[in-house]
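Chain lettering (A, B, C, D, E, F, G and H) follows the sequence in which the chains are written, and residue indices restart at 1 in each chain.
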């Protein structure tokens, strides 16, 4: 039921053509589409400051470019994940200011300059193979106006590098920790910091790693408190969670 | 927002104290609880003729009896599944007309006599071990006023018994087929009848049956069209699906 | 045993050359092939109005075209699933009136115009990636002369779109609900409608979705009654089940 | 190396008995135990405001009571999870002010009154069977001085109850959402709120739920952004993560 | 259609009241129940010399005794598997000559003395924990009048014992090889003998043996030709397969 | 220890230079290599009449051709499985009489004509997609001089075709039954025949068939006695087992 | 072939009744039982210094006591694993000097005093729940005369305790590292020491730990070199491997 | 904290500008980076004699060459695993003395000649398909200055070849045993030798081998003591473990 129909109804009430009890009855039996309208408004508000995201994998360059153009008309920022160079070429043809990051496999676009930083998230990668996932998380956070500090190659088998980075890790409002193989890094980090850790298992490994399941199970079974997990290779999801935490912590300052 | 508040608002409109556009604005920002009220009514209508069900496993006899008493006050029929004798004793103390079926592990109760039969469902069990699940499906269907025909011990390794039952199977509006072990029966039945087959894998078997997963996979991979599957041992769920089909087919007649 | 041999036997009985008891003995020891003939007739009747289907994946264009030509000689309609453009080219060379749908990956053919609609099925897709599976279900239903209403992009994370579609969903005789990732949509839909829901998990997702197993498990464990499940990506199977339900409900009108 | 040895070394430097370069050499070759001391201090600071926790499952009442007494000597609060009545009796004998919650299966103890509330977390349970896990999360949060709002029986198959609770859910700094079976609730909630959602799969269900794995996979594959997951039935872990988020957001106010 | 109806039909043909073509038509449309009768006869013949078997697990002593009494009326031998002492007591009360084997967990009964041996099967157990499964296979074979030679504790980690038994193993018409843990014994045996090997994985082991799945996978992946596998712990099934092989090989002599 | 050394030792005994007790001592401490020689002879005898087999998958054409040439020098027949056209070209260049079967993906070669048939095996394929596996089994059996009867497209969803083939199936000494999807065919066949059934799950299917695991589990859990299973797609292994059975049954006649 | 038969043969050679070539022929066709004798001797030697072990789980106290008495007659030491108090009582009745360790669940017995220590193994447990497994490893090592140093509660989430133990860990010839949950400890330890690490996953954890599979996968996927893994909870196996390493390293000194 | 800062502090102490207690306080609050420095030195020492390794899979030739050049500047030897010809070409362009082994898929480089052999490891491959993994282990061992003896094609189905190699196998300080399919070889070898066995499951097989999981489970469940396992196809890891054992055993001689 659109607004016009509601106003029409209320006009009848004002004109005395419909008494309030009968009008309430009509309102109570409105199709749920009315509920939709209410929700829609709320949703729009909800997403302010969060990037609209397109998952490019399995879509053609044309489909992605079309979606990008449409969304850019309605939002002030846009993130495309799992994008290839072909996706990037098609998107840049319609959104010239968009930027492609081949490591993160993202295309970012925003209207105007970034906002003031709202908190800080440390994005940690256990090994060099985890970098694409870490980069996807970082790009997601940047689109949320959250400051990112990056730590690389700090796996648990070379503990000294991790301990050397400790001071920085402890400064962050939230941490995204990406690791493949046995996925032990979030457990170790979780025991050393105070902020929440968002663990991202990566599909890095060989043999019985099962496309990241080993790391996923390792992280779910972490003996350190304060660790929560997102899906395998889901840098975007980790960035969204960590970004919401950071914004909650510092968004008002 | 309760009805009283809506009427109060409309009274203001009628009185000219609020113009329609402003009132529409207020309505558009009502809390979602309003949506709830709408949905609730719809839901009540939706469930007419479907049993209210309580899953007793893991609940104490007192908890189940308390739920039974509460639901019996609001509905005209009630089904409790996975009930033990202890559950039954507690429920019968508060609902004397309830009936316990120790094979199906159900407690049934209804206010007044059953309605006229609304279609017919054939409930088929591959072996004697599948009978509790088949009985649970049958009790569910009875509570929906659907006629049930039962077929037992018609497994695929003794094909002659199945073929002997074929005439009856073909008469049903829907079939519930329960089988454990390799779960092949729905495939064979599905190739012989015209009505939809709701397959129920049972946790019957030994060795690599994995608590019914073998049968579940067998049914999902059925080479016969017209077969859909519910969860392992879920006689209640199968009865609900098959009953809805039968009611759709014959409910109006 | 062919009919000729049976008549020959009966001629002997009529001629008094064989007494009825001896002839009954001969009939009782007929090879099972006799049973086959009986079944075959039944089968032919059984399938009236259901499309003959060919699963093209893993077959060469020539094999598919040959099968299509043979089946079109014996039936009045034909559905080829999981077809590529190459399959389509080969089939169109032998069945010029066949139609290829590249989204559904189907080739459809029928002799004469569609029959009168026999019931209505709502085909729902959670996301755009689920569309090929939904389209396969829709094409299957169309070949069964069942009316199809389509709903797209109504995933549970954007609940307002689903609620907006509720009125249409409630009108259908059966629903096919396709979803990947966590497969939650059938649970939500099943709680809002009265008709049976045929849930189709799709292999859409990343990370720990395991080719659709996550969605499959989600659907099997649905907390909503009235939901049954078919195999991953099995739009054809879902269409066959939902179509049988719709035909049972409305086929006679 | 204990502090005494370091001071002894420094005395020698002051006395001129050891030149600074030589002393630096000695310090550089200290056993790692020195590192331990440093870390230990840090750790103590780190944990301020977080409950010391004991996992009672698999431990005898005596072992748990002994651990409780020891920890209560060193900390100002204590949480024991997965405790039975026998555990509680043994702990209360040594810590009379401790409190046992039989639903949450926790024993809580603190020295002095709770601190001022540091943020608010909504703890949501899809069904009544999920309540013990939700209660464990709530008790954990209370020990962190975080305010808890509870929502029960708001599963996705009865959407109206969830929508009715929406206003409260949107007020929280973080949400803990507990669900078994298909685990769809966090996806739906995640699409309706702005704060991070910590999803807890519970081992509630039957058939192919695999002790909570179905719900776990559903949550990991959530199509809603802003959802992270902890281990099955891990109410404590979820509370720790959500509490850290709430403290970050409101701890300073 | 029973025999009486067929004869009635044929009498009409003889009397000239029905011409042969019409009678053939009637016969061709007989219900499938006729097919059943044909199959039933065949089946009875098929099973001559094979024990009728009852799987006692999950059945009450009364149910098993009732089934035993019924089957003993129709057959000349009977085997009950997975029987407890309670089952045995109940069966012996109705079939005094039955014999209970507590290791094999079987109850055996036959009318009259065993027949002449029909071939020989070697039943091999890798370790002492595999003996119950091996004993079940042996009891099954004895009921088929097949000679059994037993070999125990010949696991692959003590190769000398296996090699010492080689002469006997090579004499058998078929081998049943039972092993748990890694299930390697059938591979080694299969490389040393000429007869077919029926491998039985047992649920013996600890840690990652998964109730016999490790042994099952080991046997399915056997690098030795001539090895086929039955379900975990399925001594009865292995005996049936090996017995059929031995009877084929020597049954006629 | 080679034969020369043994004779040298015995010469010393004959010459009186070594007494028998001392010589026995020496023999008892021979290196195990002696055991090897004994075994080797036995092995050669063992394999008479069985094809030497090469698994070509993952090998280069050159490697396969080299192995073929070497084995053909030592044996009178040879079977190469999982061969491509490239493998065939390379083998034919060195063994001109070899024959490539592109459906079975085998290369066969034998010196001289086939021997007299030693028994008969029925090779059954549920669907057309199972034909390559069935053909591999058939080629293996032919190389063992076992007669093969082929049955195709007799899946359980079209039971009449299977029943029509029953007479032939019952004539075989052993059956190889190949089926994908739910793998139900061996259960049905096993209930209808007297000879052992070697079930071969095939990797045919889609969705939750898991590369043949569904069919494998279905076959392992078969409710029909007399069924044993080989690895997924292992037509060669099934042929070897069934051939050994047939040879045992008829090899001497 | 027993020694007597060999000497008889050699006597014939000495007497000139058999020429050496013929005698060699006879020896070459000896049954493999001869090979057994050779192997047996070797085996006896092989095991010197290794405990004979009995796995008590699933055996009655009488069976274990009988085995203990028999083995003690043939060996100088004995280890019984997974023993209960009932097992211990029965064994002590026949072997009064045996010692039961209720934490390790072992019964140890040796004739005479321990030998001189042959190397040192560090046995590390991540948490208190891992102690039974660590104790089983330690008892195994003691029976091998290997010195054991124990480290407890050094999990990765409390890194400072691990680093404090580093000096001791680095002194060992091999390390046994036991951990449940995510199994990360061997990765961290493996990066800090030079000796081989034998990792033992334990079945400690809750939720998605799958009885130790999470820890097992974590250890197999360890990013640290020098780590090998034994089965879940297999303290005995880990002790045997680590003991062999230590003996190789120091056994000669 | 770098050394300069520590000396500066100590100078102040010497000068009397800071008293020892205050200086100790400063030292106790040093950032953990200090711990890093200590650890780093230890690490450098730790790795002497172990090859620095690069895992080339998933890296570009340029990335690998760059890493090789950098590492060769800091170490005296270097091993690159999972290398292709393209990787080799790029590395040889910057390290002319490096050597590519196409079977092992390794690139090896060392400064100066190999050191004296430190112990011996037997590397055993069950079949020809396991050779690449065995070769990777051998190359790793060579880089550790450990002598390697190779055994090929000694699978358990041809036991005579294995027994023939026994003498050599027993001479080794450690064994690496590589096997696919059912992974039975380490069990058999482990029962015949005294030294530790490092088992490597390979991803060789078909059907239900699950990329090496069958072999992995077989090895973990080995009934032979003295067997530890590394990840699937992880020849490098097995070499590292076995090499450490051999060096421990013979490194000092």
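Quick notes on this structure:
Here, a contact is a pair of C-beta atoms (placed from the backbone, for glycine too) under 8 Å apart; a residue touches a chain by one contact, two chains touch by 3 or more.
Note that the coordinates shown come from a computational prediction; the quantities given were computed from them, not determined experimentally.
With contact taken as defined at the outset, chain C and chain D are each touched by A, B. Counted as hops between touching chains, the shortest connection from chain C to chain H is 2. Comparing the chain pairs C-E and A-D, the larger number of C-beta pairs in contact belongs to A-D.
For the touching copies chain A and chain H, the fraction of interface residue numbers used by both falls below half; the interface is of the different-residue type. For the pair chain C and chain G, the distance between C-alpha centroids works out to 59 Å. Centre-to-centre separation between chain E and chain G, using Cα means, comes to 39 Å. Of all residues in chain E, those touching 2 or more other chains are 32, 35, 37-39, 42, 158-159, 163, 192, 207-209, 213, 216, 220-221, 225, 231-232, listed in ascending order. Pairwise chain contacts in this structure: A-B, A-C, A-D, A-G, A-H, B-C, B-D, B-E, B-F, C-D, C-E, C-F, D-G, D-H, E-F, E-G, E-H, F-G, F-H, G-H.
Of all residues in chain G, those touching chain F in their complex are 3, 6-7, 10-11, 13-14, 16, 19-21, 23-24, 27-30, 32, 34-35, 37-39, 41-42.
Contact residues of chain E toward chain F in the complex are 35, 42, 46, 50, 53, 163, 173-174, 192-196, 198, 216, 220-221, 225-232, 236-238, 240-241, 244-245, 248-249.
Contact residues on chain H toward chain F in their complex (touch as defined above): 129, 158-161, 163-164, 166-167, 204, 206-209.
If you check the complex, the residues on chain D that touch chain G are 31-33, 35-37, 39-40, 43, 57-58, 82, 201, 203, 212-213, 216, 231-234.
For chain C in complex with chain D, the residues that touch the partner chain are 126-127, 155-159, 181-184, 187-188, 190-192, 205, 207-210, 213-215, 217-225.
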